[in-house]
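Two complexes, one shared chain (subunit A), two partners (subunit B, subunit C).
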Partner chain A sequence: MVWVSSPWKIALMVFPAFILFTAFFIYPVVYAGGYSLTDAAGFSGAEFVGLDNYLALAEDSFFRRSVTNTLLILVLSVTFLVPASFGLALLMQQRVRAAGALRALLFGPAIVAPILVGLVWVFILDPRVGLLNHLLEPLGVPPVQWIGSDSLAPYSIAVVFIWASVGFAMTIFYAGLRLLPAEVMEASSLDGASGWQQLRYVTIPMMRETIGIVSLLLITNVFKIFELVYMLTGGGPVHSSETLVSYMYFVTFTDQRYGSGMTIAMVVFVIGALTSLAYLALSRRGRLA
Partner chain B sequence: MPTPPGRRAPRRRGRRPAIIISAAAYLITFLVVLPILWITLLSFQQSDTILSDPFALDSLTLDNYRNALETLPLVRMYANTIIIAVASVTVGTAVSFMVSFALTRMVFRRRRTQSFLRFYLLSGLAVPVYVLLFPVYRLDLALGIYGTYLAVVIPYIAVSIPFNTLLLTGFLRDFPSELEEAAIMDGAGLFRICWSVVLPAMRPILATIVIFNVVYVFNEFPFVSILINDPDLATVSLAVSRFQGQYTVDYGGMMAAATLVLLPQLAIYAVFQRHVIAGLTAGAVKG
Partner chain C sequence: MPGQNPSWSRRLRRPVGVGLAVTAILSLAACSSDADEGGKTTITLSMQNADVKTADPATWAIVEAFEDANPDVDVEVSGQPVAEHLQSLSIAAQSDTLPDVFWVYKANAEEMLEGDRLMDLSPVLDELGILDRLPDSTVANYTADGKVFGAPYQGLLTGLWVNSKVLADNGLSMPKTFDDLLAVARALDAKGVVTISNGASQSAFSVWQFLVWLDRFGFEDKADGLLDGSEKWDNPDFIRMYEHIAELRDAGAFSSNVSTQTYQQAVDQFLQGKAAFLDSGVWAASAIQESKVAPDVDFWRGPEFSDGVGEQNIVMNVASAPLVVAEKVAEDDAKLDAVKDFLEFYYSDEGQQILVDNGQPPVTDYEPKLDPVKQSVLASAIDEAQADDVTSPESQPDLLFPVDVSNAIYDSIYGVIQDQLSPSEAAALVQKALDNQ
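Moving on, here comes the complex of A and B:
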């Protein structure tokens, strides 16, 4: 519409978003990249140190632990969540009374602030006041350190993440299942396909893109797990339950080693960019794009 | 047609399975809701009962709520959060709409500029916000807005632009421009076209965007934990993060406070349920 496209009108429409986005999004990313090459810490000045921070990071055992924890949570949650939420979506398709209400309840955790999710789960997992140990006590199980010890904490965080995500993932699968052409499903039933055969040879192949999208969304979300760690373990004991971003937060804001913190931020940045590229490739091909 | 022997009619399949399926669906839903039920129960329990016999139903009390309402600046927490949400979501949606209109409707002298600009804004979708925390903290300090509402409002606007632009340009591309052209023929200017012709037609997608962003702002913690230090300006999320320090061993009080934060959220969700679900899954289904 060339009539309303004088240069100053275009500028008027573009500049507010452009300036806000450049100043508070793009510039910070560049700034973080620059800081990752300095030894900035506390109130002292920053000196250029090249890639020293990156090399030091490879030696940092807490950082390594945060990477292993994040990957552990990633593997646990994705391998469990994708089939479980897919199955749940299939379940919700069956004739269940008040299925709509059940779906709404299952989605509920997705709208609760992560920080509040963390607080709620303190009262499930806490060795002394938590529900879990209260339930296990009559069975003769001695109190388990779900979040106080370094061995179980990452698993517990994965469980809480699964709780918070399962309804969300189920909802996307459910929407995908409803988009499947009814004729194809009917045709396969008429051809005598059993429920299992239909699932295996019709439903799952047709849902492949949705499965990919849900998996990538969950992966992206695992790399954003922060509040759960903050509330449940504070990253401890001695940084044994940190995730990538919670450790970055600690190094940057608690320890005030800005250079090292921004180096971890750059690792987070690269992972984010890679998962987004995968997402893009997938949804370009997918019908849902 | 009679069913051939040895082959069951498909319709009769599943009286028993139907019950099992329903039972499974209800059981799973119950397990998901259980944590919420648990903290609600604890919120009516005295703190020493929580340690000794949390399942006791004979000692329930409202004291925790009385205590929580006295110690918790509920009104201020919500007022802060609503001020920040309204400011950032209004401005964020407005500027995203303006740039999306320019990207899909206006004629740039060079087309390349237009497609580059869209790519530039959408590139933000690939960046985890955690990367921005420290630089934005420094930026807020340099601009002298650290510790004010603006300290979080501006980054919230900035991080909402990529997703808003993705949805809005997607919608506008599929949306015919005949009405707008007709309005131009009638002598309408740019502002009239946007305000009276395009925006009314975009209500559903605007609702999606507003819901998505409001939920984000309400639940956001990393930014606010760094950029707001004054307890008087604390949002709901920030206040909740301090419950453990504030209530220490007053578990009942803590749970009452948590329930007081949770219930309004769940109530609003119950009312706008369909829109909320559509809004929060829009990224996955349309992105």
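Moving on, here comes the complex of A and C:
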């Protein structure tokens, strides 16, 4: 028997993971953090500017708009995606005809590259050549600027994101539901619990961990939305549908303001981390209560 | 231990031998310079199009003809979309691994020149007699600190392509002034026809016609002041120009999906005869020539303004962003000779005629040979550029500024077109970008 619990052996085994984690996570974050304090602009040298980039962000109306849009998509997604995917998973668990095909159909968008999802939806939502407006036209509905205006574009992005993510979230919920102990469900039935009572007092409490994981994945995915915006609206009109990441891309690579772009990256990192931590804290409090 | 075991020794002999042989071959390969592969000198050419062969056929054809004429030189062409191309160049500049010859914005080229990353091309261009064949304004535009850092990649002859059949079918004649254009827009909008085809999605830069308008509102006289901060972008003249864009928008001149369609989709809209004008440049000549609308298409330099500032008879016929050469090329004699040969060919009459054959105007003083039927579209643009009393600014306004200011200019124009910004807000947006410099 070889004991591996000695400190140096543990350190030895952790070392490769530590190196990888440092190289691919800690170093980039520290590097971006450093750059965010400079006026780096690509081809010329970078000079230290302190917190100027962070202060400039506060006055950047396009950045504020990107924060608002990202939070809007986050709220819509959490509000609709989690219940919808959970509901679909419950439905899949019932004995419905062609359940396998239905599952595959719902999971389909999750395996399509987001850039293609965006492309497909452009042909649906485009105000002039889009399918949706053509379908609404015979009903007397005038052309709607689903993705061509500042008012509806963020909502359209949220809808497409929910459409693309619902199958993936449903699959996780479905796997979680399949793992619930049958005897508990059977016992609750024998005790006379109705379907709603089973769901409310047995299924959901036992699925709390899975709900937490799905929500966390969802939150992190919302903070990474880029391709959908790029294809659907290009961030327009005039940056009014930018999300945090798409605006960061614009500032960094299109505007070539690397220092400012890294500042947005740091803000995205902090907001994403804080939101996830807050959610985890709330979940834990709910579990302990 | 393996070393003491004869079977290990036997087992290892073959793989070790193979390994040593491979290492030796790789070492030899690594020792040989890429400037001497198979007796050929290789130079790298990096461009701003993902697929140079199809998106930039003129450059591709020049490279092929050059390689045929210079079998001892191999040109490795690569390309990426503009943003990715610039990003790669930025990384390469920091690691001193820039391609030998590449396309880059003028403002970036000046930064690289300052960081000693680019060759001063004046001696080379002078020796090859190219400097004498380029317009003085182009040479001045590509000169900083007494050094010529670039040579013109292609001509930037921009304006509005006009489908005269669309106008005629709707009982309209060719406009000359802004008021004429406004009347055309109102008439076409009433019949559900797009007047000016533009596409803002992923192509915010596609506002060439309105950049000419800036010059019709006194940009050239204000340029130095804008650059040194003594002049403001949100001046009454420019605000008046934005107001005219707003008037066109309100007259229904632009497509309802101008926000969501790309520049390429805007071109397709025009090629399908669904728009009267296309905001573009001479680079679209080949595509138009190959389309069914070709016989009906003319080139127009754009409207004149009764309330404009200064010269109105202007066509934007300037050099686009430059081709530049990396400083490290000068350290390798074989490579330097190959690059010289390439530049000599590019700006030779043969090279310029290849540009013309691929729908581009020449960038030197070469008088092109045009087929009046097969190149009717390009001919109409060149005729317009060479019309009597027409003058051209020295540079397109956006090309004088850093990239973020250029982007703000594009945003300001599309902001008004898409009714996201008022004329004052549009002008203030650019001024803010200038203030941040």
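Assume the second predicted complex is superposed on the first by the 241 of 289 C-alpha atoms of A that agree within 3 Å, B and C clash if a C-alpha of one lies under 4 Å from a C-alpha of the other, contacts with A are read in each partner's own complex, and residues count from 1 in each chain.
Operating definition for what follows: a contact is a pair of C-beta atoms (placed from the backbone, for glycine too) under 8 Å apart; a residue touches a chain by one contact, two chains touch by 3 or more.
Quick caveat, the model's predicted, so the values are computed rather than measured.
The partner of subunit A that touches more of its residues, comparing subunit B with subunit C, is B. In the superposition on chain A, A:203 contacts neither subunit B nor subunit C. Contacts of A:16 after superposition on the shared chain: subunit B is touched, whereas subunit C is not. In the superposition on chain A, contact is made by A:253 with both subunit B and subunit C. Residue contacts after overlaying the shared chain place A:115 against subunit B, while subunit C stays out of touching range.
Contacts of A:129 after superposition: both subunit B and subunit C are touched.
Of the two partner chains, subunit C is the only one touched by A:237; subunit B is not.
Of the two partner chains placed by the overlay, neither subunit B nor subunit C lies in contact with A:53. Of the two partner chains placed by the overlay, only subunit C lies in contact with A:143; subunit B stays clear of it. Touch criterion met: A:43 reaches subunit C, while subunit B stays clear of it.
On subunit A, the surface patch touched by subunit B in one complex and by subunit C in the other comprises residues 122, 128-129, 230, 253, 258.
In the complex of the two chains, the subunit B residues touching subunit A come out as 10, 18, 21-22, 24-26, 28-29, 32-36, 38-39, 42, 50-51, 54-55, 94-96, 98-99, 101-102, 105-109, 117, 120-121, 124-128, 130-136, 138-139, 154-155, 157-159, 161-162, 165, 177, 180-181, 184, 189-190, 193, 215, 218-219, 221-222, 226, 236-237, 240-241, 243-244, 251, 254-255, 258, 261-262, 265-266, 269-270, 273, 276-277, 280-281, 283-287. Residue ranges of subunit A in contact with subunit B, taken from their complex: 1-5, 7, 9-10, 12-14, 16-18, 20-21, 23-29, 31-32, 35, 88, 91-92, 94-97, 99, 102, 104-116, 119-124, 128-129, 131, 134, 163, 166-168, 171-172, 175, 189, 213-214, 217, 223-224, 226-227, 230-231, 245, 248-249, 252-253, 258, 261-262, 265-266, 268-269, 271-273, 276-277, 279, 283, 288-289. The touching residues of subunit C, counted against subunit A in their complex, run 83-84, 86-87, 89-90, 93, 108, 111-112, 114-115, 117, 200-202, 204, 255-262, 402-404, 407, 411, 414-415, 418, 420-421, 436.
Those residues of subunit A that touch subunit C in the complex are listed here as 41-45, 56, 122, 125-129, 143, 145, 147-150, 230, 232-234, 236-240, 253-258.
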